[in-house]
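Chain naming follows the written order as A, B, C, D and E, and within any one chain the residues start at number 1.
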Amino acid sequence: MNTSIPSDADISRKARDIRLAARLEQRYAAERRFKYLAMGSVIFSALVLAFLLVTMTANGLAGFTRAELKVPVDFAGAGLTVTADRLAQPGAENALAAAGLPDVLQFAAAEAYGPDVAAQLGSGAWRDLARQLVADPSLLSREATVSVPVSEDLASAFRGDGDRALQATARRLQEQGVFGRAFDWGFMERADATDPQEAGIWGALKGSLLTMLVTLLLAFPIGVLSAVYLEEYAPKNKWTDIIEVSINNLAAVPSIIFGLLGLAVFLAIFPNLRSAPLIGGMTLALMTMPVIVISGRNAIKSVPPSIRDGALAIGASPVQVVFHHVLPLALPGILTGTIIGMARALGETAPLLMIGMRAFVASPPDGFTSPSSVLPVQIFLWSDEIDRGFVERTSAAIIVLLLFLLVMNGVAIYLRNRFERRW
Amino acid sequence: MKMNNPDLESSVAAGFTDAGPAKISANKVSVYYGEKKAIDEVSIDIHTRYVTAFIGPSGCGKSTFLRTLNRMNDTIPSARVDGEILLDGQDIYRSKMDVVQLRARVGMVFQKPNPFPKSIYDNIAYGPKIHGIAQSKSELDEIVEQSLRRAGLWEEVKDRLTDSGTALSGGQQQRLCIARAIAVDPEVILMDEPCSALDPIATARIEELIDELRGRYAIVIVTHSMQQAARVSQRTAFFHLGNLVEYGRTSDIFTNPRKERTKDYITGRYG
Amino acid sequence: MKMNNPDLESSVAAGFTDAGPAKISANKVSVYYGEKKAIDEVSIDIHTRYVTAFIGPSGCGKSTFLRTLNRMNDTIPSARVDGEILLDGQDIYRSKMDVVQLRARVGMVFQKPNPFPKSIYDNIAYGPKIHGIAQSKSELDEIVEQSLRRAGLWEEVKDRLTDSGTALSGGQQQRLCIARAIAVDPEVILMDEPCSALDPIATARIEELIDELRGRYAIVIVTHSMQQAARVSQRTAFFHLGNLVEYGRTSDIFTNPRKERTKDYITGRYG
Amino acid sequence: GCGGQQSTSRDQIKAVGSSTVYPFAKAAAEEFSRAFANQYKSPIVESTGTGGGMKLFCAGVGTQHPDIANASRRMKASEFETCQQNGVTEIVEIEVGKDGIAIAESKEGPTFGLTVKQVYEALAKEPYGKPNTAKNWSDIDPSLPNEPILVYGPPSTSGTRDALAELILTEGCKTDAATKALKETDEDRYEQICTEVRTDGAYVEQGENDNLIVQKLASNPAAIGVFGYSFLEENADKLRGLAVNGVEPTYDNITSNAYPGARSLYIYVKKQHLDAIPGLREYISTWVENWGKGGLFASKGMITSTDAVQAANSAAVKNMTVLDASVLK
Amino acid sequence: MSPAIFVLLAIGLGLVGWLAARSRAWAFASSGEGRTRLHSLPSYHGWYVALWAFVPAIVFVAIWNVVSPQLVMQSLLADPAAAQLPDFGINRDTVLSEALAVARGSAQAVFNPLAAPLVEPAAAAMHRYGIIGIVVTLLIGFTGGVLAFLRLKPDFTARTRVERAVMLILLLASLVAILTTFGIVASLLFETIRFFGMVNPIDFLFGTHWSPDPMRDPAYANGADYGALPLFWGTIYIGAIIAMIVAIPLGLMSAIFLTQYANPTFRKWMKPILEILAGVPTVVYGYFAALTVAPFIRDVAKSLGIASASSESAIAAGLVMGVMIIPFVSSMADDSIAAVPSAMRDGSLAMGATKSETIRKVLVPAALPGIVAGVMLAVSRAIGETMIVVMAAGAAANLTANPFASMTTVTYQIVAMLTGEGSFDHPATLSAFALGMVLFVVTLGLNFIALRVVKRYREAYE
């Protein structure tokens, strides 16, 4: 065989190579386009998110502040018949109210700035003051300048909205240095109120915490256990198929339908628990459980069979195999699914509307059975408030919800990493 | 080919008229995967004193048959076993058989080393723990050390028992798996191509180890390497297309096969 | 052992002083995975007219070296190559080398058949399509048919070209992968243990196929079965611990190895 | 134990119902808890919509059922019937005030007044039985601006929409004699012609979120919006009320019924709960105390009822006069 | 006696049983000559006895929790002080329950003076029945425990039995899904049937005109107003078409970038960041859609000469919804692309394919089942979404393909009808249940088909 004469094959290859090279330019261009498109999608999504977060933060930061007026009050001379001891006991605020604190405050404000301004004190201003007194009973025996919230009208005048006369007043007070916006820690401590100056997020936040706790405690074990059953033990038969279809279906059913279920079933069984985090949590648990089952099954599936074989071969029973080996290894994956499910539950509004969690509850819930709202519903309710002061409060509440979400994700990611490290 | 069947060369033709009772005795065992017959009426006796090698071309059913011996094929839903397998005279497929206990008695080592993603210590201690073999922590420590020693791994890992078993090299992992199997003090150890994922040095180490363990446990090893079978075993069973074609002393099988098929395989005509 | 090196028995000692220029010529190639050196200064010439077999114990670097030949190791981030590999005299690791074109010229078949989850037709047509080799549908049909014919699969699948490639049996899948590689009409075909997942009958079929393809393509096959190397190849390279220990005519390597290590391996002292 | 559902006590008032009444009910609850901080827990007010509220309210007597239903319309005879069947036999109806509906636009928009007839012709799906073809306001009346008709308004499920239909559209519809006559012959058709609103985009149902309407109006000066009067008042800096039939939507005009859009708001109280739920009486009294002119509710945008109505309802509260089915329809 | 005490009691019994049985098993193990090998670990013996002590006790507690209040009530009514109670009704109930609450200690004082004299007898009765309950609980738990204890012996198959109980728990857990499904059907069925009693199902399912008026006299309810087709169409158009046109390419491409091009650290950070998109409350998206996107789209449409463009449009809602569900698609796609065996990728690269060719022609098709599953999840999320629709798409039930028209969806109508003015015997309100039922049945059907498809696919693959 003489290798120096090009064979047919060699000739056809030459032709092919030329054709191939001609196309290469195009193919690399396509490659670049594709890559930039892919990168573009990530960047676009990130930008939308950034845009949302930035606008929300920009709008919402003001929601953590409120307009406050400095009022000099002579407590010693006001004749408040409340002793410092009484302040240390429960119900001190009401005792102060009974002793005429609201009037004292009103009077002091009128003295200092005239009756017009005094009329613009927030309706709950005395309550704020009472809280300050409880915190520092020594105030009772002296003269002090206290900061109290003003009415929504004056607050919006300060923003440059609303009544012209009030706007002038606001400007005048501001120039005197006694009026301005201050950070409102109380926002994180109070519950809902009709006056945006008085409204706080703690009630809804606590409601969300309690609800999520119930959801987690129900959905996680049930979800994980059914995932284990379906993936490891269930015989492949019609019944298993039915269970599988119902779970997949439940993951896809619109959330509002779970609300209807909660209404028709849970509230029929526990009629007294309308609006309670317990019922909310149970409803959301049903919604979250399938998500955990599905991700749990995937996580379990991805544990290599060799681990199961290894354990079985030294005489571990199937239950031991799962609880000693498979579940610990699948845990990070299960946690991921749980985060997704819980995040969705955390932001859910519609089903909770059905079971009464849109109630106006002026005090934070005492426990799992007392009426409560949750963050997303609070946001929904506030976004529909007439008072425009709620616009900022709404954004602030959104920020709180997002922070909650981030904390929840953070905890789960931390746990996930920990578990991964341990193995 | 190197042969190291020390004192047994002179004994009676293996597997058929051997002295003493068989540890495992299979009678007309057939295995089906669904409709498909993977093992066809195989009868074989396995003795504690020898290492038995299963050889044969890929897909001939070596692994399948091996897994019937400790009912690991129970994990394959489509698998079905006919015939009878006696362990110390008792049928392991009888309905009251406790599979968990069976597997503690008949250990298994797999083709790919599969240590648990736990510490080396826990890998070994797991079996004794679930079987309640150790009464105390010190007893457990003792078992762990001894198993690792027997598996020839102790010196290499004694200072890092808390490291993850998966951090070891392939050969070490496989020895860890052997130690894990030893730790529950089984009577039989089944090994399915234990060296096929290992390098030659690790392979040599495992082969030595098998030699050391011989006599204490009945050992069955599946291998696709005839050289390996020749090196480590005293009895060889040659499978082909689901049949046990020939079973006997390793030396006889390799030097003087009785069946044409065996001969063809040994000389590399297929496989 | 069965040898079928027809007309070549008499040619000059393979790989070193062979007639005609080498298709692929490696000069002092070293491959590192991170810090670890997996291949140590290997030099070898590969010719179109022969089937070249790489043998050696597990982990000796056969696959690693094979993958350097068409830069498939680019996909492993930690891998790094030193030295020079010439394809028709041009360094494939030079910076302007077009990897896409290189891989069209140097095809590869993997250990586990990996047909795309597409129809049989699309599996074959994939390469010609992306490279724009076919100008028309009929030309493409032509290429598909011819590739399947050459891979000896046409008769078996011609009536079900639209079936999924994954629905074929293991041996058929592997032949499909070979057909897929042939379809872009490469100059070299690299095969990494192409039969290790197949049964003996399928293996025999692939071996035949390799024999048929010989001469048209430079074929390099990695195998762990010495019998297979002996059956299909005319040149054999024996690797050990990252070194190329010996390279020469297959008949010489198997009957008359020059190095002690080769001999030990051939006679089954390890591996 | 918590198992027995029949006999648990409740120490919090529960009110459910209309989203229109909700802000006032909240304010009343706050006022109540301020006044009785030592004695009673603050009430739970839930905005379920009037219909949903009635369903809950009429479900039965007992602590698991609400004590009060807020309503932006009168209880329906059918609902009353349900109540009776479930043992809610003693219901006290209290009219607490009025909600004005107002038509408004952005301050930047063109100023114009409308008549109920024009509104009807602009919004009805089939004005006087013929398909609505009007695109611009000027298509209805050349004197109106040549701007596209775009009206944001409440959805069919809300009380405000009902008021729009009843107080404005039906009035406009009746101006056509032929259509009015239809009422006698084919009431169904009559209702349909007079109350059905067009769906071709000229009328945009805007959920219950009136805030959003305000913002949309601000961004679209040519559009007008229909919503509760309180929103107009709250957004007086951005919005301007449109005169209807020449009457401006001012507080006084609505109170005096001169402006054609005001409907009564009610609360329904379960008399059977009066002695069982601590503070229920006091809570109702809070309503009475605050519904006057210049009172709390007025400051939140509620329109006060006439003195006569107030007097009658005060008396009803005092005597806890039970509602008689015959006044309902 | 609070139920917590009973539960603690049952747990205590279990604990005692556990400890006793375990030490007994230890004794077996270490007695006799040398060592006996137990069938099961001592702790399994412990669990076995603990279960037998705990389960019967807790079952009794559950029953007692229902029965004992009635017993207390009976003995309370038998008390002379009960003679003054008002007749039946809520007052009587509350007086009684107040007395009980005070007796229980969960309230400080009675609100109703009538309740005061009842507190004493109530406390006495509760005490009495509390003691009885405790004794019986103890007795039952103890008997169960002892009987179980007596069965223990070295070769007792405790593990097998305990594991059977574990399996039962697992089975029960997976039945929760079925129960939920039944619960949903049950809670929708009754009202749906009522609705179909008023409105012809054919009219409802195939009618093209939707304008139910909840305020109108139900007698005039006209099937012609209940044509839900525009709602179904709006749901599909917004949630499954427009939103998906945004979410699928963006989500998929993001996943591709993150799995195939980005370096691992970038991926590790970016993935959770994108997931935040799914966590932003939908109210926020609603505002974004209504105030930023919708006017922008209207202006663009107007400038393109589409006069009919309204500022409430299906497209505005759909686009924003699409952005919201990008992470659903990208997360699932990411996982399934990463799960494609690298042999596929290598195979394609070895053919001389470029990276993007490999992705488009091999990886994505191979990952399709996972991607489709992600898309299904995303679609269902989009279909279930209400707030964005409410705020940005208007609420008009239009049956049109014009993306600039305003539209509405099923879920929005459900919420609106259920929280609206209409009374609950009105077909308009009841239609919410029928709509819910249709949604449920449709998703169920889709899932059934999906299961079939996946099964067939799997068979072909392996």
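The rule is simple: a contact is a pair of C-beta atoms (placed from the backbone, for glycine too) under 8 Å apart; a residue touches a chain by one contact, two chains touch by 3 or more.
The shown structure was predicted, so the numbers you read here are calculated from the model rather than taken from an experiment.
Counting only chains that touch, the fewest steps needed to get from subunit C to subunit E is 1.
The fewest steps needed to get from subunit A to subunit C, moving only between touching chains, is 1.
Remark: the per-chain Cα centre closest to the mean position of all protein Cα atoms belongs to E. Distances between chain centres, each the mean of the C-alpha atoms, put C farthest from subunit E. For the pairs A-E and A-B, the count of C-beta pairs in contact is higher at A-E.
Distance from the centre of subunit B peaks at D, each centre being the average of the chain's Cα atoms.
With centres defined as mean CA coordinates, subunit C is found 34 Å away from subunit B. Chain centres here are Cα means. That of subunit A falls 32 Å from that of subunit D. Centre-to-centre spacing of subunit B and subunit D amounts to 83 Å, using the average Cα coordinate of each chain. The set of subunit C residues that touch two or more partner chains comprises 100-101, 104-105, 130-131.
With touch defined as above, residues shared between interfaces to two or more other chains in subunit E number as follows: 159-160, 287, 354, 357, 418-419.
For subunit D, the set of residues touching two or more other chains reads 8, 10, 19, 47-48, 62-63, 208-209. Annotation, chain-chain contacts: A-B, A-C, A-D, A-E, B-C, B-E, C-E, D-E (touch as defined at the top). Subunit A meets subunit D in the complex at residues 91, 93-94, 97-98, 123, 161-162, 193-194, 270-272, 274-275, 356, 358-363, 371, 381, 383-388, 391. Only residues 29-30, 35, 37-42, 157, 159-160 of subunit E touch subunit B when the two sit together in their complex. Within the complex formed with subunit C, the residues of subunit A that make contact are 1, 3-4, 9, 12-13, 16-17, 19-24, 27.
On the subunit E side of its complex with subunit D, the touching residues are 2-3, 65-66, 68-70, 73, 89-91, 93-98, 100-101, 107, 111-112, 211-218, 220, 222, 287, 290-291, 295, 308, 310-312, 390-391, 394-398, 405-406, 408, 416-426, 428-429. Here subunit B touches subunit A in the complex through residues 70, 72, 75, 77, 100-104, 107-110, 112, 114-118, 126-127, 130-131, 164, 177, 180-181, 183-184, going by the rule given at the top.
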